[in-house]
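Each of the next two complexes has chain A plus one more chain, namely chain B in the first and chain C in the second.
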Partner chain A sequence: MQEIYLDNAATMPILKEVLAEITETYQADYANPSSLHSKGYEVEKKMTKSREHLAKILGVSASEIFFTSGGTESNNLAILGIARANRQKGNHLLTTAIEHPSVLEAVRHLEKEGFVIEILPVDPAGRVDIEELLSKIRPETILVSVMAVNNETGVMQDIEAIAQRVKAVRCDIIFHSDCVQAFGKVRMPMLKNVDSISLGAHKIGGPKGIGLFYLKKGIKIEALLFGGKHQSGLRPGTENYPAVRAFELAAELAIAGQQQHFIKAEQIRQLFLNELSVQGVDYRLNAPLELSSPFIINIGLPDIRAEVLLHALETEGIYISTGSACQSKKNRISHVIEAIRAEYPEGSIRLSLGYQTSEAEVRQTAVLMAEKIKQLRRFVRK
Partner chain B sequence: MQEIYLDNAATMPILKEVLAEITETYQADYANPSSLHSKGYEVEKKMTKSREHLAKILGVSASEIFFTSGGTESNNLAILGIARANRQKGNHLLTTAIEHPSVLEAVRHLEKEGFVIEILPVDPAGRVDIEELLSKIRPETILVSVMAVNNETGVMQDIEAIAQRVKAVRCDIIFHSDCVQAFGKVRMPMLKNVDSISLGAHKIGGPKGIGLFYLKKGIKIEALLFGGKHQSGLRPGTENYPAVRAFELAAELAIAGQQQHFIKAEQIRQLFLNELSVQGVDYRLNAPLELSSPFIINIGLPDIRAEVLLHALETEGIYISTGSACQSKKNRISHVIEAIRAEYPEGSIRLSLGYQTSEAEVRQTAVLMAEKIKQLRRFVRK
Partner chain C sequence: MRTAFLVKYGEIAIKGKNRNMFINQLRDRIQWKLNKIGDFTVSKDQGRLFVECQSENIDSEQIIGAIQKVFGILYVGEVKVYDKGDYAELAGHIKEYVRHNFERKDFTFKIEVKRADKSFPYNSMEIASKLGAELLAEFPELKVDVHQPQEKIYVELRANTYIYSKMSEGLGGLPIGCSGKATLMLSGGIDSPVAAYMIAKRGVELNAVYFHSPPYTSERAKDKVVELARIFSDYTGRLKLYVVPFTDIQLDIYEKCPHEELTIIMRRIMMIITEKIAEQTGSIAIVTGESIGQVASQTIQSLNATNAAVKLPVFRPLVAFDKSDIIKIAEKIGTFETSILPYEDCCTIFVAKHPVTKPILEKIEQSEKNLDGMEEKIAKAIAEAEVISIYPKSEAEK
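So, the complex of A and B:
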């Protein structure tokens, strides 16, 4: 059975070129970059090159780039690290109801440390109301965190505009953006008014276990981990150069192919939705197309339990999701689907495209999905 | 030039079998173990198998095993996580002067959070005096942390005896042991009285970026990272199954070959030291052989600057270290060498053996080292 993998927002298969590179690097550059001998120094130099390359891709300085174990750690470092280090300036934090759990739970944890948190609702499209956000800023506000692309619905926020407006209220408010689902998929926000961002390699065909944290020079932060003086002391632990190199290559490929990937994803998304209509499937978009990443399609289906459809499709070798992998096992409506007040929360599914996803794959998915939906509805209505 | 790599305590080259396995796993088992579909579930099942296998190797339950990004994160999770979660029981922490920076700096950070820390000195062998340690226990003591094998000198502590004596004073004191340099090298302490340990994969021929944290059931702990419900919520973030599987295999191979590796390392260490004597090199052992891991040889050389010798040897393709890679760039005497009051702190070097290190390699190293030392001394004495 041909496998059709449509859960690339949970994790994208590692790219062939990236796999070849990490395999080579494991062997050639195994030394510890912190070792004093030339073998370590060679790896340190290569590590610096990777850091510089990623910095260049993001339009920032190499000294502003830190490697972490992934998007979750990067978001935690941003939220916990910035809040704790800037506490003397204030204790108020602002974020949105549709953030990734690694932002939301970090923020909620800070409540226990005496911070006051405010979680903004979103409109039915999943968008933050900028005016409302601005109205919540207090003299004690130190940090605002808004994600660039939502991992469940794909909805995009205008990060540049939000960051600029926040900074216009008070330039010393720190602005973080979780860009894990944006990088290599949609246009990244300019980082002019954005003080920190999070990226993860395995969402763009890189390996798991490696993430990036960008922090603008001059922003105060407290480390989450303590130890050796690696990475300016902000993130100790033996540097994982093979993974860093693989991340660099995945990023390079993602950026080089971005325009082509984006156009292809848009076409595939449209083709899928057209095919669903042709097949007579009734669905609601859980985010407006023009406001969403084309790599994420989240739709609500009436009279369908998403999980049942998911399992019906997997018997055909088609893999979709009901939302974030981080939450899916909880077996209840996700906080994002709740926040957008989706019309069919129980019947909301997510298909997420990879660079390799083909038109034939989504066409077949639409046809089989229509079939399964008919079967399931018959069953429901008996 | 044939390369002789003797810095395996900093990082060991990835084993061929492990590399083949991780490469295969990257491709076959790329799905996110938290995904709801069967492809994710298959990886989750495999992840559980790896966890169970590692638990069995350690003689503990699978539910007591957590995967982290490495030894540094595991040690931080132990120190910060246990101290913060048990603060209502007391605020006093006890550790030793020769711990890894990821323990020492975590403990020092806790001082800023209001904990009282006590760092025990060691004797010139690098050993903790158990009676002295016990005498420092107060009613407020909640955590004692003693490493099993020191990463710089290789000195071993009798962790079982220390843990047992600590528990005899008060059974609710939590005992942590950094076992990063012990696992797969020397006999691991029984975990009966040990509540938590840290391991890292890349010290035994596994990949970088993956570590293990064992926490005895029932011990209270606070997470360092917040997010999804992965790993019982203690350590969120997409699970890095390829690295976990590679770690499992490296551990399996390390344990299967342990006796043989240990005997071989003892022989190689003795051969190296004999050869040094034959070559007329004057040296002091920085840890008694009978109390040390045979994988780590730390010696002090009179009238030699360790760093200069290290660079002289690297021109011959021989890679040694002056101490911990985590600290070596700081270019000063390490805290461990200071703590043991080494006779020749400036001239202290570390050779650390891997499973692949051969007799021929260390013999050649001894010969070339003797040569370089003569040249350098001539230079010094001019």
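So, the complex of A and C:
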């Protein structure tokens, strides 16, 4: 059975060249870059080169880049670290209802520390209303966090515009953006008014366990981890050069191929949706196509339990994801699907494309999905 | 002096002619449990079992913890064994015992003496008071309190001399294997693992049946059931789990029977399959975790309707338990945390929005007549069942 992997927003398979590079680097450059001897120093120099390269790709300076274990840690560091370090300026935090749990849970944690948090709703398309956001800014507001591309629906926010408008209200409000699903997939926002961003390598064909945190020079932050003086003391822990090198290569390849990947993803997405219609599948888009990353397709299906369809498709070697975990208890609907008031929350599924995804794969997926949906719809709860 | 473990059993001591069978079974169960830890011998001695360790460096807490999980035991504790000797030697032993087994020597105590060996020149009371005086002389901060002592020190004069003080409570019940074999209907919920524990506590050996309905139930849900069985097998011992493919049967019922009766009919067919597996595997009863009124399929009327599908007795140890009481036991035996993992099945489409709560058997049987070919489907499901051998975690690690 040929495998069709359509869960690339969860993780993309590691690229062959990246795997080869990380294997080689683990073998050759195993020394600790903090070691005083020349072998360590060699790795430190390479590490600096990788950092500079990634900084160049992002258009920032190398000293503004910190390597972390991934998107979750970067988001945690941004929210917890920035809020705590700027507390004397105010205690009000603003974010949106569709953020990744690593932002939302960090914000909720801060509520216990006495911060006042405000979580903005989104419109049915999944977008934040800029005017509403601006109206919530108070004199005590210190941090605003808005994600660039939602991981479940793929909906994109106009980060540049939001950041600019926020800064226009008060330029000392710190603006963070979770760009994990944006980088290497869609055009990244200009970082002029953005103070910090989070990235993860494994969403673009890099290895798991390595992420990046960008923090604009001059922004106050507190560390979450304590240890050596690595990375200016903000993120101690032995630097994982092989993973950094792999991230660098994955980023380089992603950026080099970005336009081509984007156009291909748009075509594949359209082809898939056309094919679903041809097959007579009744579905609702959970995010408008023109506002979404072409790499993420989220649709609602009437009279279908998303997880049942997921398991039915896995028997055909097709791997997708759900916006809802199938439980007979509450909380089964994801907070994002709930926030956009999707028409068929229980039947919402996500297919996410990777650079490797082919037209033939999604065409076959549409055909098999139609077949499974037909079978499953014979049995609905009465 | 050697360290051993004393096991006191309750109920089985009063069994009549079968008493030896019960005791031998208990001995074998303890032996079996301890084989996973080290080299032990378990011997009988007049109404008690003694466990002696042949290996060095024993961890008493681990051994007592393991023995505590064997059904049929009232108390278990560490005991010091001394060679039989005269009174002077006995007095030496008890002083040594107190010196080494109590960190502080300022407690109140009472000595209780039992003599299976009556060759001593004093009676039990006399020995107790003489030994008490010896201890008071040796450790001046000790005090005697015969009514509410902080520590009771027991001296038993048998083929050897045994001295012990702290005993831990066992679970009671009867040793597994004394009471025949039953087949458990196991789901991923909170109740059925507790039912397994309670029936096994009465000495019943178990095997179990789980109904798997992919894609409506996931692989994770199945693995959760396997994990639950593994947890309670620490009490019930090894068992076989029969994973019966159930999707085709469920869909067939869905298509051919009235929707509000789906659950009852499904439960009846599950019972029938369980009974057939029970018969094939030497079980003589069915065990479920049902409790009156918990859900529509567990009203008395519904229980009657499902019961009528089979001839074997159906044991429902939780029938009169509240959920909160069931949860307490689930927490005690360690299944609760796994039971509430959210891999709930997606079978809700097979549950009517308004299921019958007072089914009439004749009507249900009438509906079931529509299920042509069900016997073949049942036979096929049983033939295709996956059989999983479940071992306690302690055994897997060894």
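Assume the second predicted complex is superposed on the first by the 371 of 382 C-alpha atoms of A that agree within 3 Å, B and C clash if a C-alpha of one lies under 4 Å from a C-alpha of the other, contacts with A are read in each partner's own complex, and residues count from 1 in each chain.
Assume contacts are C-beta pairs under 8 Å (C-beta built on N, C-alpha and C of every residue); 3 or more make two chains touch, one makes a residue touch a chain.
Keep in mind that this is a model prediction, so the values were computed, not measured.
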First (chain B), second (chain C), both or neither touched by A:P242: first
Which of chain B and chain C A:E307 touches, first, second, both or neither: both
Most chain A residues touched (candidates chain B, chain C): B
Partner chain in contact with A:T11 - chain B first, chain C second, else both or neither: first
Which superposed partner A:F262 touches (first chain B, second chain C, both, neither): neither
First, second, both or neither for A:T23, with chain B first and chain C second: first
First, second, both or neither for A:I320, with chain B first and chain C second: first
Chain B and chain C footprints on chain A, overlapping residues: 307, 310-311, 314, 325-329
Chain B - residues contacting chain A, complex: 3, 5, 7, 10-11, 13-14, 19, 22-23, 26-27, 30-32, 34-40, 68-73, 75-76, 80, 100-102, 105-106, 108-109, 200, 202, 207-210, 224-230, 236-243, 307, 310-311, 313-314, 319-322, 324-330
Chain C-touching residues of chain A, taken from the complex the two chains share: 305, 307-312, 314-315, 325-329, 378-382
Chain A-facing residues of chain C, complex: 214-216, 218-219, 251, 254-255, 259, 342-346, 348-353
